[in-house]
């Protein structure tokens, strides 16, 4: 086993050395996870808000399904997207398998339920408080959605971060649909799996530390932005 | 003044509740209720806690639909606004709260800020426009809610126990605002369990008890010669069951 | 003011889409489905640049177990296939998924075990005897258990040694070669590995190479051309160039020259 210090040293030398291969992997990881999370937010936030505002037959089942999908194993999501994008699958014509786009789609499938389900919860709470006032102002439920999303924005930042955490940490889905191709679809997590399988545990752990640092950085930025807004809005 | 009041009185339409009942989980909370409100008056809805005052206001304003019966405006439904016991302010600045209400009612974007500032000055909030609305004191929040209602130029203003959580200075400010609305030609429908407030403000009184309308009379009659024993007990300050 | 929410969402959507769009490019490349043993040893890093220099064609390697590699190729998701399961490869061609199969190179399997060698396989004459000794001693044996080429070869060897591969001592891991070696190192188990992965493996702990050299441990790699009629969208011309190059003198020499820690890991044997 590598000692902790050797992993830490490896991590430090990777970062300080600006290893170009590492930079490429880091950039790809960020690009894929951020793109997936942004698109999941665009679809998931209004979807969650709609679920909070409308009641219809099957509403409860849909909410339960969405909550359950938060626990969807990444490998299963990866397999489904693989079968979808494979040449023999319905979207095979697009030729997206083993590209970063395929990885974005797979992570979108993983992150969307998290963002929609948690957004529904946040919006539902706020809606309880706002409902009478907004109805009194003459707003339809459709027009309430942007208002509620905007006023819940501080809580929704945390929701989006939870989605980003899931996307950046998962390996099962991107491994299957990306193929871990060197220089094309190799991300932080798949590189860690590869180095582990080579028995290169110090490098694997070093990459893990770099990944953790990266996720911490994104969270720190969101925290600072959130705190500033909180102070400003009381 | 007298001219204007007459003109407005003939303008305003009639609100009628016919056989209105509200049931929740099998329990009847209100009604059956029959009543007709006309004229540009200040109507005070009175009664002990749990009498159904808030419920009646919400049914009249259209926030709730009656389980049975009809809530109808004869003629055109008037512009309405409502001020709640605990003001619901958006998590934005004081100014943004007003601009929002103007955006919702379709005021052109270029006029919103000027109109909002005008309302802030009118309600004594001019120096607070950049403050987050949620950190204002209770009295300031209620004044902001009134300013928001004022921007909507309502023909009917509903106020649900607007002063029950406020100190005397803030109560005075709210009552002045209510008077200004009234003088401007807005019909007032306000619930309160404060007899002194009712004496100061009411043109007529609706007295509710246990979900039923007990009396509907002009204020002078209600306070000097109430018809029902419940109302007499209420005015004497006894516990009404 | 709620238009801010809409603006924020729209901006996020556009950013997400542009990031996704960025991910596309149209360089000249083929996708090669191959096994973890070739990728993990570093062979491809050594030989693919030589091919790319000559032809301008990039080779993108998806390294998976042999079973999954066949499946990827069968579905038309890879342009070319390089695996080590001769029986499976011939079946693949017979079923009409491939048009041509050729020997490219071989290496061999080796038996690894804890340094103390509790089963005493180091002195065995044949691999069959070594495997009988392991089974008799009851020392743990870590099997890939993932239907990979190595796993299939291992099962054939148990058969040949007339040993029932089951019981407490026989542990099916369902993992790739590297993870299996990691696990075997953790529980001081015997394990069969291809030589390339073993030599390049960095975490042996107490494990040592204990038995090698029997002809039965021969591990043949083959390259397959995928049927153009079944999957017309594939890059058959470029895939054929890759196939031909592997079998050419230049390709064979590149394979022979690849070394890890001074050891040649793959032996070219194209006809």
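We just call them A, B and C in the order they show up, numbering each chain from 1.
Criterion: a contact is a pair of C-beta atoms (placed from the backbone, for glycine too) under 8 Å apart; a residue touches a chain by one contact, two chains touch by 3 or more.
These figures come from a predicted structure and were not determined experimentally.
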Checklist line | Chain nearest the overall Cα centroid | finding: A
Next item on the list: Tell me which chain's centre, taken as the mean of its C-alpha atoms, is farthest from chain C.
Entry: B
Checklist line | Whole-Å separation of chain centres (CA-atom averages), chain A against chain C | finding: 31
Checklist line | Between chain C and chain B, distance of the C-alpha-averaged centres to the nearest whole Å | finding: 77
Item checked: Whole-Å separation of chain centres (CA-atom averages), chain A against chain B -> 47
Checklist line | Junction residues of chain A, two or more chains touched | finding: 143, 147
Checklist line | Contacts with two or more other chains, residues of chain C listed in rising order | finding: 1-3
Item checked: In chain B, residues with contacts to at least two other chains -> 92, 100
Next item on the list: Spell out the residues on chain A that touch chain C in their complex, using ranges where they run on.
Entry: 1, 31-32, 34-39, 41-42, 45-46, 86-89, 92, 95, 97-101, 104, 143, 146-147, 149-150, 153, 179-182, 184, 194, 196-201
Margin query: Which stretch or stretches of chain C touch chain A in the complex?
Written below: 1-6, 8-10, 12-13, 15-17, 19-20, 22-24, 31, 36, 40, 44-45, 60-64, 75-77, 176-179, 181-182, 185, 200-205, 231, 233
Checklist line | chain A-touching residues of chain B, taken from the complex the two chains share | finding: 58, 61-63, 80-82, 84, 88, 90-93, 100-101, 104-105, 131-132, 134-135, 152
Checklist line | Residues of chain A defined as touching chain B within the complex | finding: 129-130, 132-133, 135-139, 143, 147, 151, 154, 232-234
